[in-house]
Amino acid sequence: MQLAMVGLGRMGANMVRRLAKNGHECVVFDRSAKAVEDLAKTPGVIGASSVEDLIGKLSKPRAIWLMIPAGVVDDTIKEVVPHLEKGDILIDGGNSYYIDDISRSKMLAEKGIEYVDVGTSGGVWGLERGYCMMIGGPEAVVKHLDPIFKTIAPGIGDIPRTPGRKPDTGTAENGYLHCGQSGAGHFVKMVHNGIEYGMMAAYAEGLGVLKAANIGKHVGEIDAETTPLRDPEHYQYDLPLPDITEVWRRGSVIASWLLDLTASALIEDPALAKFGGRVSDSGEGRWTIKAGIDEGVPTPVLTASLYERFSSRGEADYSNKLLSAMRYAFGGHLEKPHTK
Amino acid sequence: MQLAMVGLGRMGANMVRRLAKNGHECVVFDRSAKAVEDLAKTPGVIGASSVEDLIGKLSKPRAIWLMIPAGVVDDTIKEVVPHLEKGDILIDGGNSYYIDDISRSKMLAEKGIEYVDVGTSGGVWGLERGYCMMIGGPEAVVKHLDPIFKTIAPGIGDIPRTPGRKPDTGTAENGYLHCGQSGAGHFVKMVHNGIEYGMMAAYAEGLGVLKAANIGKHVGEIDAETTPLRDPEHYQYDLPLPDITEVWRRGSVIASWLLDLTASALIEDPALAKFGGRVSDSGEGRWTIKAGIDEGVPTPVLTASLYERFSSRGEADYSNKLLSAMRYAFGGHLEKPHTK
Amino acid sequence: MQLAMVGLGRMGANMVRRLAKNGHECVVFDRSAKAVEDLAKTPGVIGASSVEDLIGKLSKPRAIWLMIPAGVVDDTIKEVVPHLEKGDILIDGGNSYYIDDISRSKMLAEKGIEYVDVGTSGGVWGLERGYCMMIGGPEAVVKHLDPIFKTIAPGIGDIPRTPGRKPDTGTAENGYLHCGQSGAGHFVKMVHNGIEYGMMAAYAEGLGVLKAANIGKHVGEIDAETTPLRDPEHYQYDLPLPDITEVWRRGSVIASWLLDLTASALIEDPALAKFGGRVSDSGEGRWTIKAGIDEGVPTPVLTASLYERFSSRGEADYSNKLLSAMRYAFGGHLEKPHTK
Amino acid sequence: MQLAMVGLGRMGANMVRRLAKNGHECVVFDRSAKAVEDLAKTPGVIGASSVEDLIGKLSKPRAIWLMIPAGVVDDTIKEVVPHLEKGDILIDGGNSYYIDDISRSKMLAEKGIEYVDVGTSGGVWGLERGYCMMIGGPEAVVKHLDPIFKTIAPGIGDIPRTPGRKPDTGTAENGYLHCGQSGAGHFVKMVHNGIEYGMMAAYAEGLGVLKAANIGKHVGEIDAETTPLRDPEHYQYDLPLPDITEVWRRGSVIASWLLDLTASALIEDPALAKFGGRVSDSGEGRWTIKAGIDEGVPTPVLTASLYERFSSRGEADYSNKLLSAMRYAFGGHLEKPHTK
C-alpha cells in the first residue's frame, strides 16, 4: 500500500527502504532537500518538496507517518492538518509522550482525522532486523495499516516460538502489536525504554565491579578521610572484560541483545577511550518513573538507572557541594583533592 | 576423559548426562543412594556408594567436581581430602563465595592438591543449551580439564559471532572462559548473578508499571492521608502483558533470554497466581554489592534489586513500623487499614 | 487583624486558637457544625453557619484562610469566589500542589482576587511550638498579612541564632518566609516534605539494622535457596533502642526533632506493636521526585524513601511475583513458604 | 580520675581539655611532640615523650584512651600492650570497625587486659557541646570509667526530657550509653554514621531541587538526544536557600542540628564556592550497608547516600562510559559535549 513518510533521519529512511523493497509505494519529505533527493533514488520512493506537495501526491485515505523528534511533532501536525480530510490517518512513530497522544487524538478526532501512535524499537539495526512496534489507536485504523506494520516488523524469522504460545494468536510473534487505544503504543514503548535503562545499568554496574577487581594491587594511604581496603588480597584480579561479555552470550542467564552489543563494543575498544561518560536520556525513562509514581508502583531499579545518567552529566554537583559543606561544618573535614 | 561428580541435583546430574553422552567416563556420588542408582543407568556412568568408593574408582590424577550447596562445600572437602594425593584436582562448580576459593586453594596447595573454581550458569536448561562456565585456577590445571569444559559448554552453536571478534581467540566463544587465578571464576559468576538480579528487576518493575496502567479506572477516596490521582484519564489501559513480552522478543532493544522465559511464564499463567511474591536470594547478589562497596564502585541498580527481594520477604517491616510511629508522633496520622 | 478560617481540623483549629489568644479576630467555618460551635467558645472566635454567612461577617479587604484537604480546595474556591470582591484575599494553607497555585492565582487575578499559598509545617505540635510557614504570592499582599503570619509562627524563641546571620535580615528567624511568587510557598513545602521522607527513612533503616543485630543468635538452615550468615558471632547484640535514640539526642550529629519524637515513641512502645507498617504518603514526596526529574536533579535518597512507603503497602507485589516466576523458569526455584 | 590520651588531634585534644577543666588528671601523648607540648600547658595535663613514658606516669589500673585513625589502632595496641599489666584498660574512642573490637577484646582478654570500644559523635563542636558516646565492653569496666564518660558527655543541659521517659533510668540522658558487649559501641556508632549519611543526602538532594527551581528560565534546544522541559512555566523560582534553611529551623518537622550547620554554611557562602563536591566517606557508611545485607534488612536510603559519595568522586566513570558505548551501539547516539 501507499505510505507517506515525514522525517528521513536514521530510522525514517530505513523504514522507507524496508517498505519500498517490499513493494509499498513511499512518498517522502524532510526539511533537508538532500535527504529527500537521496532517498528518492530508491525504486518505489517518490520525493516531495514540501508538506503540501507530499499531501498532493497521496491517494485517499492518506496515511502519513511522522518520524521526527518528539519536540516538533505538534508543530508538524499543525502544518499538515489543514491539508487533510476526514478519514486521513496520521501516524506518530517517534518518541512522543503518550499523554500527548491522548490529547492529539481527541483534537484530531474532532476533525475526523485518525491518529495512530507507534513506539518503535530497533535503533540503527532496524533496516536489517526489522523494527519492533507497539501500537495505539482505533482498531479499524490499525487493521487498515496492517500491511505496513507487517513489512516494517521483523517477522517471525529464526527466533524460536515461545513455549506454550499457540500459533495464530495475533501479530506479536511478527514483531508488532496493537496494545490498546490512543497512547497505548507510546505507553508501552515508554516502559520498554525504562526497562532498557535498567538493563543497561545492570550490565554497566556489574562490569564496573569486574573492572575494579584489581583494586587491591594499588596501595592506599592511611588517614581519617579515607576508608582503607581491609582485604587487598581479595581484589587482585585483572579480568578480561571482552572475553567475559563474550562467554556470557553463550548459555548464561544474562544473554541478551544488549550484551551482544556490549561484547562487540568491548572488542573494538576495551578501554572505551572514545567515550567520556556523559550519558543522555531522551525522556521515556523520566516518564516511566512518573507513571510508576502516579500508579504507586515502586520502580527503584529503573529510577536508579535514570539518576545515574543525571549524575554522569554533573547534575548532582550542587548537592555534592552541600555534603562537603556539611562535613566541613560538623567535622572540619576538608575535601580531598582530585588525584586520579 | 574421566570425571567424578559429587552432588547429583538438577545441575550435577544434567552435566553428567551431557558428559556421558559425549564419551566421557563419569563416576558419581550423592548422599541419596536413589539418585546414584538412577543416574548410573546412563551408559558411561558408574555409581559410587561412598566418597571412599568414589575415589577408589578413579584413575590418577583424579578430577572430582563438587556440585553441592555452597554451605556444605567445606565439609565435603574435609571428607574428601584425606583420600587424595598430590596432583589430584578438586573442582567447585557450585555457588561458593570467591573469598572461600582463595583460602581453600591456599590450604589445598599446601597438600599439593589442585583447586579449580567454576561458576556455572544455565539453570535447568543446561542439559539442552549447555552451561556457560567462568573458571578460576592455575592455568595448567584448567588446560588439563579442557575436554570436560568443552563438553559441558554450549559451544558456538547458532549464536552469531560477535562483530569485530577474530576467530580462534580463546574459548569464550565456546561458552567457557578461564578468567584468572583462584576465585576469578566465582567472582565473575557472582557479578553475573548480580547483573541477573538487576535485569530481572528491570523487567519486573516495567511490567508492574504496565499492569497498573488501568489504575485510573478505579475511583479513589479523598482524605488527607491519600494522594489522589490527578489525571485518571491517563491511566485507562488494560494492557496485554503476554503479548507485550512476546512482541519485545522480536527486534526490540530489550530482547533477552530472561525475556523469553518471562513471555513463556506469562502465557502459561498471566495472573501469576501460583506465586506469592516472596523472592529468595542465594548470596551472589549480596556479595556483588559488598565487592562494589569495597571497590568504591557504586551499584545502585544491583543494590535496589537485592533490596526489593529483602522487602518482598517482609524484612523491612520494623523500619516501616517506625515510619508509621513517627508519622503518628508528629502529625497524628493513623495507618490506613489494609483493604486490598 | 481579622482572619476567616475555613476548615477546623487539627491544624486549622489550633491556628485559630493561637491567633485568638494573641488578639486577632477569627471568623470560622467548617462542614461540621459541631466543630464550629466548639471553637466559637474560644474568646475572640466567631462561628459561621455557611460560607456565605462567613463572608458576610468579614470586613474588607477580606482575608480567608483555607485549611482543608488538597483534594477539595478547588471546589471550595469555586464556592467562595462568587461572594468575593476585588482586593479580597484567599490563602491556601493546606498541602496543595504548587502547580495548582500557579493556575489558581492566574484565574483569581482575572477577578482581582489575591491568592497566597502557604506551606505549613508543625503537625499536631503547632499550637505549642508555632507553625513554620513557607509563603508564595505577591509581595504586597504577603506584607499585608504579616501580623497573621507573625502570630502563627514560632518566633525566635530559645532556638539559638545561626552563626553568621545578621539580625533584622527578614522574617526567616521568626519562622515564616516569603519564598517568591505564586506557588513558591508550596514548592518549598513540597521539598520540605520530600526531605522529611528521606530523614525518616534514614532513621528507620538505621534502627532496623540495630534491631536485627542479634540475628546471629538464630540458627539458619542450609539449602540452595537461603544465604547462610557467614559470621553469626558478629551479630549477637541485643541493643536497647529506646536508650540509643535517647543518647543520640544528646550531642550527636544526628540530633533532630524527628529523633526526639522517635525516642518518645520507643519509650512508650518499644515493640511498636500498635503499628502494622503500612505507610501512607500524602503527595508531596511524589511531587518532589517529579520536580527533580523535570529539573534533571537526581534524588536517589528521597525517591528510595518514597518507594519504601509504596512497598510497605504491598504495591510491589506484582513485580515480586514476576521475579518468582522468572526464577522458577530458569532455575526451577520454588518460593520458600512464609514462616515468620 | 586519671586518664591517658593517645592521639591529640581535633577530638582527642578537646576531650582532654574538657576532662582537665573538670578536675581529671590527663597524661597525654602524640607522635607530634609539638601537640603534646601545646596541650601540656593546660592545667591538669601532663605530657609524655613516648608510649613508654606515658605508661610509666600512670597509676594502676591504667586507663588509656586511643583517639587515632582506625587504620593505626592495631599497630598502636601492639606497641602499648607489652607495657601493660592485668587489669589495665584500653579504650578505643576512634572509628574502628566493630568486628575488630570483637577480635581485639578476645586477644586482650587472654592477657587480662580490658578493652572498651567507644563510638564518639560531636565533631569539632564537642569541646563546647560535649561528646555523645556509645560504649561497648564488660559492664564492670564501663562502670569504673563512668566519671570519665560523664565528664566528656554533654549532660542533660537544656535539651528537654523525652516525654514518657522516667528520670534516673540510666545514663542515656547524660549523653553516653553502655550499649552492650565488646563491639556494641562501635556498632551503634557505625549505624549512627550511616543515618548521618542518609540525613545529609536528604537535605542535599532537597536543596538541589530548590536550587534548580529556576531551570524553566533557561531555554533548551530541541534534538533527539535532549528531553525538553514540558512546562518551563513551572520552574521559574529563584529561591533564597539561606533563608529557607533558616525558616526550617523554626518549628518545621525537619529541624535538626545538621540543618543548623547547613543554614550557617549557606549564610557564609551561598554559592558554596569553596567546595568542589568530591565527598569522602570514612568507612562507617560502608559497614552499615554490609551489616544490613548480612541481616537481610534493606537500607535503600542509606545505600543511595553512600553511592552518591562514590559517584561524586568519579567512581562511576567506567560504568557511565559503558552506557555511552551501548547507546552508540544500538542507536548511533553520540555523547553530548560538556557545555556547562
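Quick notes on this structure:
Letters are used for the chains, namely A, B, C and D, taken in the order the chains are written, and counting of residues starts over at 1 for each.
The rule is short, and it goes like this: contacts are C-beta pairs under 8 Å (C-beta built on N, C-alpha and C of every residue); 3 or more make two chains touch, one makes a residue touch a chain.
Note that the structure is a prediction, hence the values are computed from the model and not measured.
A count of C-beta contacts for the chain pairs A-B and B-D puts A-B on top.
The greatest centre-to-centre gap from chain B, using C-alpha centroids, is found for C.
In terms of their C-alpha centroids, the spacing between chain B and chain D amounts to 38 Å. Averaging C-alpha coordinates per chain places the centre of chain A 29 Å away from that of chain B.
Counting partners per residue, chain B has 123, 201, 203, 205, 207-208, 211-212, 230, 253, 257-258, 264, 286, 294, 296-300, 303-304, 307-308, 311, 316, 318-319, 330 as the residues that reach two or more other chains.
Here chain A touches chain D in the complex through residues 9-10, 69-72, 95, 97, 123-125, 200-201, 203-205, 207-208, 211-212, 222-228, 230, 257-258, 261-262, 264-266, 269, 272, 275-283, 286, 300, 304, 308-309, 311-314, 316-333, 335-338, 340, going by the rule given at the top.
In the complex of the two chains, the chain C residues touching chain D come out as 98-99, 102, 121-123, 126, 129-134, 153-160, 162-165, 170-177, 179-181, 183-184, 187-188, 191-192, 194-199, 201-203, 205-213, 215, 229-231, 233-240, 243-244, 246-260, 263-264, 267-268, 288, 291-292, 294-305, 307-308.
Residue ranges on chain A touching chain C, taken from their complex, read 253, 286, 289-290, 293-294, 296-300, 303-304, 306-308, 310-311, 313, 315-316, 318-319, 330.
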